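Mind having a look at this structure? Questions to follow.
By written order: A, B, C and D. Residues from 1 in each chain.
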Amino acid sequence: MDWHILAQQLVNGLTLGSIYGLIAIGYTMVYGIVGMINFAHGDVYMISAYVTAICLAVLFSFGIDSLPFALLATLATTMLITAAYGWTIERIAYRPLRGAPRLAPLISAIGMSLVLQNGVQLSQGAKTQGVPSLIPATLRFGEGNDFVQITLVQCMIVVVSLTSMAALTWLIQRTSLGRQCRATQQDRRMAAILGIDTDRIISTVFVIGAAMAAIAGVLVTLNYGSFDFYIGFVTGIKAFTAAVLGGIGSLPGAMLGGLILGLSEALFSGMVNTDYKDVFAFSLLVLVLIFRPTGLLGKPEVEKV
Amino acid sequence: MDHPSFPRCLLAVALAGGLSLSGLAGAADTIKIGVAGPMTGGYAAFGEQFWRGASQAAEDINAAGGINGKQIELVKGDDACEPKQATAVANRLLDQDKVAAVVGHFCSSSTIPASEVYADAGVLVITPGSTNPKVTERGLVTVFRMCGRDDQQGPLAADFIVKELKAKKIAVVHDKDTYGQGIADAMRDRLKELKADNRVVLYEGLTRGEKDFNALVTKIKASGADTVYFGGLYNEAGPLLRQLREQGLKVNFLSGDGSLDPAIVTAAGGPQFVEGAYMTSVREARNIPASQAVVKKMKDAGFDPSGFTLYAYASLQAIADSMKGAKTSDGAKLAKWLKSHTVPTVLGPKSWDGKGDLKDTSFSLFVWEPDGTYKEMRK
Amino acid sequence: MTTDPIHPPLLEVTGLTMRFGGILALNDVSFEVKRGSISALIGPNGAGKTTVFNCLTGFYKATEGQIALHTSRAAIDLINILGQPFRASDFVNPAAFADRLYYKVFGGTHRVTRAGVARTFQNVRLFKEMTAIENLLVAQHLQLNRNLVAGLLQTAAYRQSERDALERAYAWLKVFGLAEDANRLAGELPYGHQRRLEIARAMCTGPRLLCLDEPAAGLNPRETTELSELIRRLRDEHGVTILLIEHDMGLVMGLSEHIVVLDYGEVIADGDPRTVAHHPAVLAAYLGTEAVNDDAS
Amino acid sequence: MPSTAASPATRGVRWNPVFRQAVLEATAAFALALLLLGPIVGLVLDGYEVKNELQRPLLIAAIIAVGRFLVTLAMHTPTGQAALERFNARRRQPGILVVSISENNRQRWWLLVIVALALSLPFLASKYWLTVLIQAMIYVLLGLGLNIVVGLAGLLDLGYVAFYAVGAYGLALGAQYLDLGFWSALPLAAMLAALFGGILGFPVLRMHGDYLAIVTLGFGEIIRLVLNNWLEFTGGPNGISAPPPQLFGLEFTRTAKDGGMSFHEYFQISYDPLHRFIFIYLALFLIVCLMVVVVTRLRDMPVGRAWEALREDEIACRALGINHVLVKLSAFMMGAMVGGIAGVFFATYQGFINPMSFNFFESALIVAIVVLGGLGSTTGVIVAALVLTVLPELLRAFADYRVFTFGVLMVSMMIWRPRGLIRPRRRAFEVKGLCP
């Protein structure tokens, strides 16, 4: 394989992986703190794509033509609304099930996912929607036929996701809120005894996860330009796989899992076959879990006897 | 007691079933016609097109006096493009709603099992969108289609690629779906006849519903292809085109009628990405004279009759005309009538061969203009 | 350490070492448990008692050392049957390879129990949503007719086997004074009953060595006395050897014939209660901590 | 939002603060609803522009606010509080009921009525409802199979649909390549599915809880993707046709294959596709009954008890000498086998299958059946399977809102009954002379 092809595939994998990583954070945080798979998270990401497009369209219709302002305003609005979705979903579908058998919230999450998908379909119609290409700039390295071409948005995806990842890590490691989160994650009852409002912390985690998905939604919408009400499903499953691969419950693990999944998908479809890239991704997951049962960065489970 | 015993639950289910059994007895002065397609799920856009088109047709026919004095009443059936639901819907349309004919099913994989059910019951079915050859190749008398076959448009593209574009290296991409892979394979078969199949340097599938095809695009680049043929729908064709251009590949792009839709401009993120792409399709439905009035009416009502909308419209017209002509709703007789008459439809006059395929499906080539519209190429 | 080759002790632990990452949890622990004895393993918190237990019962794989269980037929290496990683030498010796592969695939904790070691847990581990009697039936799993076809067709042999199991289970419930609780959910029983039920369940596996991990934890004094009676009866009437971990010094001193004292993962004393109680190292380890508290209580 | 819980003695409610609280909550609900629904429901994308439909979210938000207001008020009336109390009390109930055999026997005659009803249904129902019933029966079978894995052995399997697919494709491919008929394919496909269960299960069954769930999900997707991509063998997305069932070599088709005899010719009656469905229904009913008996007996057998014990506490199981991997594997394989049988029936009933029918949603639906039924309860699984298959069909009347409503119902059913519709029962043992 030529260097420029390999480099291009690495770029492809990195951008895809960063997006998986951002969405995986929502899965991993929620799983870490309440131990449930939030199947509706993929659809929260889908909602954020819609909100992005709606927001941009509204801003442009008001004649705002400063692109940086429009983008920042869109990002802020999308994060706000998507976070509200995260909060509400937790409130409606999961909180009443606290203390219920383990599988009950899983089923209500699947139900919630159906509600979100079809709710959006009913109100926005089923067709593929899109936003115009706003940042057409590309960077080109190399000459003649041997070149690597990267769009500015792709660079943005990698940079923004790494930055938000770092910010989130700081939030969890260094702030009081983060300490409360970690305490709740380790032992919810003990945290409650120590005066932590665990319900509020769980809500916060849903909000943070949704906000991360919103960042992903904005970036993806800018990058690919199109989306429909069904994108949450495929991406959601992939992101969840990434979260497990990296070690569910671990923030850097989510990012690492996302990057590995993205890179392996890109390289596998580049070198072997596109048809079976998902088969490869899932086989990779199975293999990793056989040899490292708690994922790459997950804490090894010490059997408490 | 708070745990409902099994018998009680069963009773509740049976009661609920019974209620809906009795609830739907049709009025005698209407003719019920089913419209079946993916109304929910990932393909719901096409179901919406079916429904809008058929509804408009029913409205227009009813306004003109209906069929033999009876009004048309449409019944919606959702199959979500899943074979299982398709047969369930087919049975429901026949049994519960007592439909006299069906416009329907979009995905070939739904149309095939469902048409067995219709044929078994002797009910006429016209599919506006299933292009798989198998739909009409199974000797079912009452099954018709209002669209072309995969093995008709693929060859046209192949001829163009070899004779006009003189492509040296061809990459064939499909969406692993019955339709997309069907036309891609038909194209490849024609290349074989033209002794050009050694020019295919890549043959791969992408996953429907995904938006990231960058890895595939890079692979196309690595293969050195100068022409890409895509078998699939605009939902994937748009992002694929965009990513081809964004990675700086200046290749020819061809696709089938599933991609020839203004929505591809939205899906790609702007007309600059689709400019210069070629697509095969039957005569563009919205541009032919016969359809202008309907197109205007629907656009005024706020729905752009894109994709299969007008095909659904025409399907209902054909059903109505055959019922008027044969003065019956018996599927076998309607089928016989349709095979021996030409029906004026919104898509122009249509007639069918013995298998239920359209006789005149002359496909032609379209090319996208810089302003996000497309025009038919000169022959 | 001397061993009588004709009447070896039931359990022989030599040089047991256990590392968790860099932490040395057990260091060269050696002791033995005589057939038909009641022995105790004591030591301050964190001394490594439960780790020894977990190594004995196959929940941890010891880093080094041997654990030999001398049954009437043969000596069983309790570490080997957990399944060992392959060694270079295995690849030239097919027999050793096959042996190791077999234990790697089919070996595990359950093999230790099958060899005749049963245990209870510090925090009671019952099948909470099953009835008491079902708990005991599960424990008899290995002795029952497990033929699927026989079970599905309910053959006479199968029904006989189930009837026997049920009777055995009731018999054990009676021994432990739990007959009234037979059809109650294990999770809904009072705590003391749960403790006893867990021992009954362990007995149902037909063990030679019964390991009790703090059996008296959480029991009131009356229940503790009853328990110590019960443990003695198990040994006297049912011929089982008992090894227990316990913090309640009264119980340990009154009940056990042999005591092993652990501190910081090492055996600091080993002998009968009186010797151990006056052993300077033990006094040093306990002084001001548990020994005082226990004497006071 | 402030809590709505107040002291139970509310005879003399002071309505003023209650009223204020209700207004506050209603306003908050209104604002939140507007924030959530405003853009998504109110601003409809149309190309790169939006259409203003803001009256829709306003209306919905107003309805929500009024609803919230009334609910808050109602919660302060004695009736409302009593209802809330009852609701919470029900949710706190323990999950399991221990029932003695004699008590169980009292329900036997109901069983007879149900069997008689079920046997007469195909002759009463229309073809449509018959097909719905067949669907429901297939789901009952799937539910029973997955119940062994999830309900009894406690292994969350999110890729159960893989075995369903193996069964279905076993029949279709067996008929195509090996010329197998329905009845010969049935046991073979079942065994094949069990074998798949064994092969897939063995390496992963040492994993814990949700890791197992995601790995099985991966397996489900792998099988579907292979079926979809392996064009030469499986027909890929084009699907493959499956043979109709036979009764002693008689085919249920309009015209029999060469040399064969069709059912209606043999009995000299006119052809009716209904015959085929009645036959499938009856055969399926037989298998379901058989399966219910098998599962009931398995639960009382050593292996069944070991499954449940494993669900309760794996570590304790190991301490009792139970080989947890093999016991889990047996549950996995048994479940897979039942899934395979269901797949064969699905294929023969459909006559045509393609990978679309075996997607993740299907797995989720089967898990929902097991959970909604009340983990481990056979009756619960049957009821839930009937509910979850008949319900979407009844909802067809809602047309566009069908799947949406289904989702809403799924969430509310879980909130209403987090432990499932039916409480699992345990058998109480009686031993003569020993039982006090």
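Note that a residue touches a chain if its C-beta (ideal position, glycine included) is under 8 Å from a C-beta of that chain, and two chains touch if they have at least 3 such contacts.
None of the values given here were measured: they were computed from a predicted structure.
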Report task. Could you see whether A-D or A-B has the larger number of C-beta contact pairs? Result -> A-D
Query raised in the report: Which chain's mean C-alpha position is nearest the mean C-alpha position of the whole protein set?
Result: D
Report summary line: Whole-Å distance, C-alpha centre of chain A to that of chain D, is 29
Query raised in the report: If you average the CA atoms of chain B and of chain D, how far apart do the two points sit, in angstrom?
Result: 32
Requested in this report: Please work out the Cα centroid separation of chain C and chain D, and write it as a whole number of Å.
Outcome: 42
Query raised in the report: Residues of chain B that touch two or more other chains: which are they?
Result: 40-41, 176, 205, 266
Requested in this report: Spell out, as numbers or ranges, the residues of chain C touching 2 or more other chains.
Outcome: 59, 121
Requested in this report: Would you pick out the residues of chain A that each touch at least 2 other chains?
Outcome: 118, 125, 129-132, 233, 275, 278, 303, 305
Report summary line: chain B contacts chain A in the complex at 40-42, 44-45, 47-48, 176, 204-207, 209-212, 214-219, 221-222, 234-235, 238-239, 242-243, 246-248, 263, 266-270, 272-273
Report summary line: Note: in the complex, chain A contacts chain D through residues 31, 35, 37, 39, 47, 50-51, 53-55, 57-58, 60-61, 80-81, 84-85, 88, 92-93, 96-97, 100-101, 103-108, 110-115, 117-120, 122-125, 129-132, 233, 237, 240-241, 244, 248, 275-276, 278-279, 282-283, 285-286, 289-290, 293-295, 301, 303, 305
Requested in this report: Flag every residue of chain C that touches chain D in the complex, lowest number first.
Outcome: 57-59, 106, 108-111, 113-114, 118-119, 121, 125-131, 133-135, 137-142, 144-146, 148, 151-152, 154, 162, 166-167, 170-171, 174, 179-180, 182-185, 188, 201-202, 205
Query raised in the report: Quick one: in the complex, what on chain D touches chain B?
Result: 47-48, 90, 93, 97, 107, 110, 113-114, 117, 125-129, 131-132, 135, 228-229, 231, 236-239, 254, 273, 346, 350-354, 356-357, 379, 382-383, 386-387, 390, 393-394, 396-397, 399-400, 402-403, 421-423
Query raised in the report: Which bits of chain A are touching chain B when the two form their complex?
Result: 1-2, 5, 8-9, 11-13, 15-16, 118, 121, 125-133, 136, 138, 140, 147, 149, 151, 220, 224-231, 233-234, 265-267, 269-270, 273-275, 277-278
